[in-house]
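There are two complexes below, and they share chain A, which is joined by chain B in the first and by chain C in the second.
Take a look at the complex of A and B:
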């Protein structure tokens, strides 16, 4: 019988559709509700009081929100730039010199932040930075920028490495053949061809930094709230749809950047 | 007048890996390529021809020996400091640069002023007849056009030597024939030394001034296409270049007695004992009257102008004859015929 030869197909299992629907509802219903109530005219996050943009106005005019947003963006931009630069070098080092001893170890070290529980990294950084703070007396945003740069590296590294591996090394050979010095080869051939990967890596790093809570919460000094930690702080007090409005704005920004990310990575060659 | 030597490879060897994993890509190759020559490295894949080319380009460093360009030792010179350019098998065009920028790349990297680069690009574009495509990206061109861009890009900086690594292998037959004469024309017009790598013996015969036949990392024979075809030094060369029948025999006085008992009056050069005769299919003629060596036609392949007949001789050995189709009049499979070998043209190889 021809039907018996067909590969195992999970979609034919009993209850598959029901489970799928439940999963999607659990994933998206809360988000839809959150977005919905950001337009609430009332003061509640679960009782509809008519359509209004008032909470966006409130959030926009809230100085604490403004400060946290600015801080988040500064950290995210720096973290994206630093981690992408380091990740690009790491990717070049691991893909452009053939197989070498200890390659797997290097991969694991680079991707370590993906595997170590974030809370562990957070505690470790807290302890480490507090001694640095005592020693140097510096307590600015630098600690957060460094911490974010560090855990963003693997996110920036993966798309860049994927791009490099898909690139024909004959291009670089051809450049060298045409009188390009190693630096010129990198500047005029490797880097332009790598650019989509670099942009994708930077965007991913930016997003990851932007919504980080755990490490930020541990590393930040007093008065260094980022947008996510500010929102967390708000939850401990009275909950108003202002949080919904901020969340929705953050969601919109993330979706926008991720859309660009997919367009950039899809458009290969 | 003695010709200037462009590339002089002396005892070049290349070994990959170490110890038990060592693979010898080049044994001990010495070769002198003259200036303005169309020189072909010919051999089956894995014979070391591409390794030798990559050593000349600077992509590989020989394990032993040295390479000289116009008398200067360039063995350890990095590729970007050699006045040598390569046309790659995969073309390796820069996908993010226009045709004009691809062609101007070499000159730009040399730090030539923009005006000079532009003039050179225009000149070379005209040379390969691609003037209308300057602004296109490589992927907007056909395979044949990309091939021309690759050629133009390598020619633009006016290298002393142009290396071509099986550049025509990705093209279809008709385009390949066109590019063959195109390459020959460009070589004559520019006067640049061309070193061409191919496994296609026909390509090598039609284009080259001289050919080096390689096998298993060794150089077997260097000579003009005529030398190589008419006077192969050994069985490998005879077999690789064109089609050849190998007939075993024994020297008897000034002639060779072959397996059927017939005597062939070939030109001997100090040979004795057992020898192998290399007989080209076109050196065999057939007589319907049965005079000469007795044979029977066991197969016939019609190739248009010519017909290939496979013949079985008295000692059951097989021989291929190439006969012009219009002079083969009525010979069929199964017919008994007489076979003549143009003994003067037969090459005697040590068995």
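Take a look at the complex of A and C:
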């Protein structure tokens, strides 16, 4: 009996492979359907009317979509730059120095956006920024950039911290031994070594900002739709083929960024 | 470097990030707590007068005419739906997630990266897009109903969209990667020789799973469950899109108070409740996982 069992591969559990394959199929089938129907030539989402790019053309020429896209990109670029810069500093401050007092507090504050339900943060920012808007009279994109930069910090921080932890301090010690100033050591030794982590962090922050719906929905002033809030606003009984096309374009951008992300982070091995 | 200056540098370098987070993420949470004990304004906002109405209205309602107090059934059914759907989502994602994570972790190293990449793509794909995608599948003229009608299993489309089932399907779909990734991380560190040892000692497959595998990967199970449960409980987009406005969860109920409901103190109190539930889950999580860590 025991011999018979040992003949099996011990890592195989009955039914697990079948469930796993099912899970992958279920994960991808809806996305593939969405992509497929974005190339629908017909006017209705229900009927396949041949291959066509017409809905991409419609979306491309829609002024509201153009504005929302521009706004999404502006916010995401700013959020990625700001959050990555701040996250890099924080990672340098909290990694490779040994434990110090209050380190846990720093971790908790940095990772807080990952833990608090987004709707709660959204409501909190709505209350806070609405009073600031009244007090200052300013109602531009600044609030969205600020909010996005904040919740992007943990996403930028994680890959940078991981990269730093894998880096040997010997190079920096060598540079210091050769009379490099701390700034020179950072600029010519630490930063180039850290760069893949920084790029990875910035890309994750960019995706997270680009995808955000809830906080944006609550913080934005009138006429400040981003692509996701525009899409949510367009939702009626069914999806319009135009929203399908925008979704597919966003999906393609995400896959592209992720692929680059994996190539960049793979290089360190 | 002395311990003190290490700490000082650590704080100095982290301070810009911390200031931004306190300004635009953590700090405003305190304002929410304050608003929950203020009086409701005439249209929106609050009046700066202390009032317990926000918290009172979480569970109770007062009749406008005779001032009698009764339980707010509508609110209770929303809480119950949120908790019920979140627990169901956690259990179902676990049922799918464990085999999936196991499958990925037992692939040869080369193809493992590819499978992992395949689970990461949905993880990073816009939640709204994934919710739209599942909506396309389950709506009356969608693929699922078309397929079932074609096979002859049903004669007319089943109404799934705008029901609790739709919200459940949607949440399982969007949060599954959040369950798979921590489970994978736990299984990846698992020493498969332990299974062999189990079989050598005449354990059945079920006994190996229950007695060896599950206890060892428990931190991964707890992490995955928390990562799915918390966003499920605070879900907003999925119930809004798939529940069609009627099948509200706490997240939508909170939004309602700041929108049409015009009851900011109630919305703030509800947000605080949600925040407290999350905090408690996180404390439980750290307790459970720190106990599991053999290194102490």
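Keep in mind that, in the parts below, the second predicted complex is superposed on the first by the 244 of 269 C-alpha atoms of A that agree within 3 Å, B and C clash if a C-alpha of one lies under 4 Å from a C-alpha of the other, contacts with A are read in each partner's own complex, and residues count from 1 in each chain.
Just so we're on the same page, a residue touches a chain if its C-beta (ideal position, glycine included) is under 8 Å from a C-beta of that chain, and two chains touch if they have at least 3 such contacts.
Treat the numbers as computed from the prediction; the structure is a model and nothing was measured.
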| item | value |
| --- | --- |
| Touching partner for A:189 - first (chain B), second (chain C), both, neither | first |
| Touching partner for A:254 - first (chain B), second (chain C), both, neither | second |
| Partner chain(s) touched by A:180 [first = chain B, second = chain C, both, neither] | first |
| Partner chain(s) touched by A:49 [first = chain B, second = chain C, both, neither] | neither |
| Residue contacts with chain A in the superposition, chain B compared against chain C | C |
| Which of chain B and chain C A:170 touches, first, second, both or neither | first |
| Overlap of the chain B and chain C footprints on chain A, listed as residue numbers | none |
| List of chain C residues in touch with chain A within their complex | 1, 3, 6-7, 9-14, 16-18, 20-29, 31-32, 35, 45, 95-100, 102-104, 106, 113, 117-122, 124-130, 132-137, 139, 141, 143, 173, 176-177, 180, 192, 195-196, 199-200, 202, 205, 209, 230-231, 233-234, 236-237, 240-241, 250-251, 254-255, 258, 264, 267-268, 271, 274-275, 278, 282 |
| Contact footprint of chain C on chain A as seen in their complex | 1-2, 5-6, 10-24, 26-31, 33-34, 37, 45-46, 82, 85-87, 89-90, 92-94, 97-98, 100-103, 106, 109-110, 112-113, 115-121, 123-128, 130, 146-147, 149-151, 153, 157, 204, 207, 210-211, 213-214, 218, 228, 231-232, 235, 238-239, 243-244, 247, 250-251, 254-255, 258, 262 |
| Chain B residues touching chain A - in the complex, by the definition given at the top | 57-59, 78-81, 84-86, 88, 90, 92-96, 105-106, 109-110, 139, 153-154, 157 |
| Residues on chain A engaged by chain B in the complex (per definition of touch) | 168, 170-171, 173-181, 184, 188-189, 192-193, 269 |
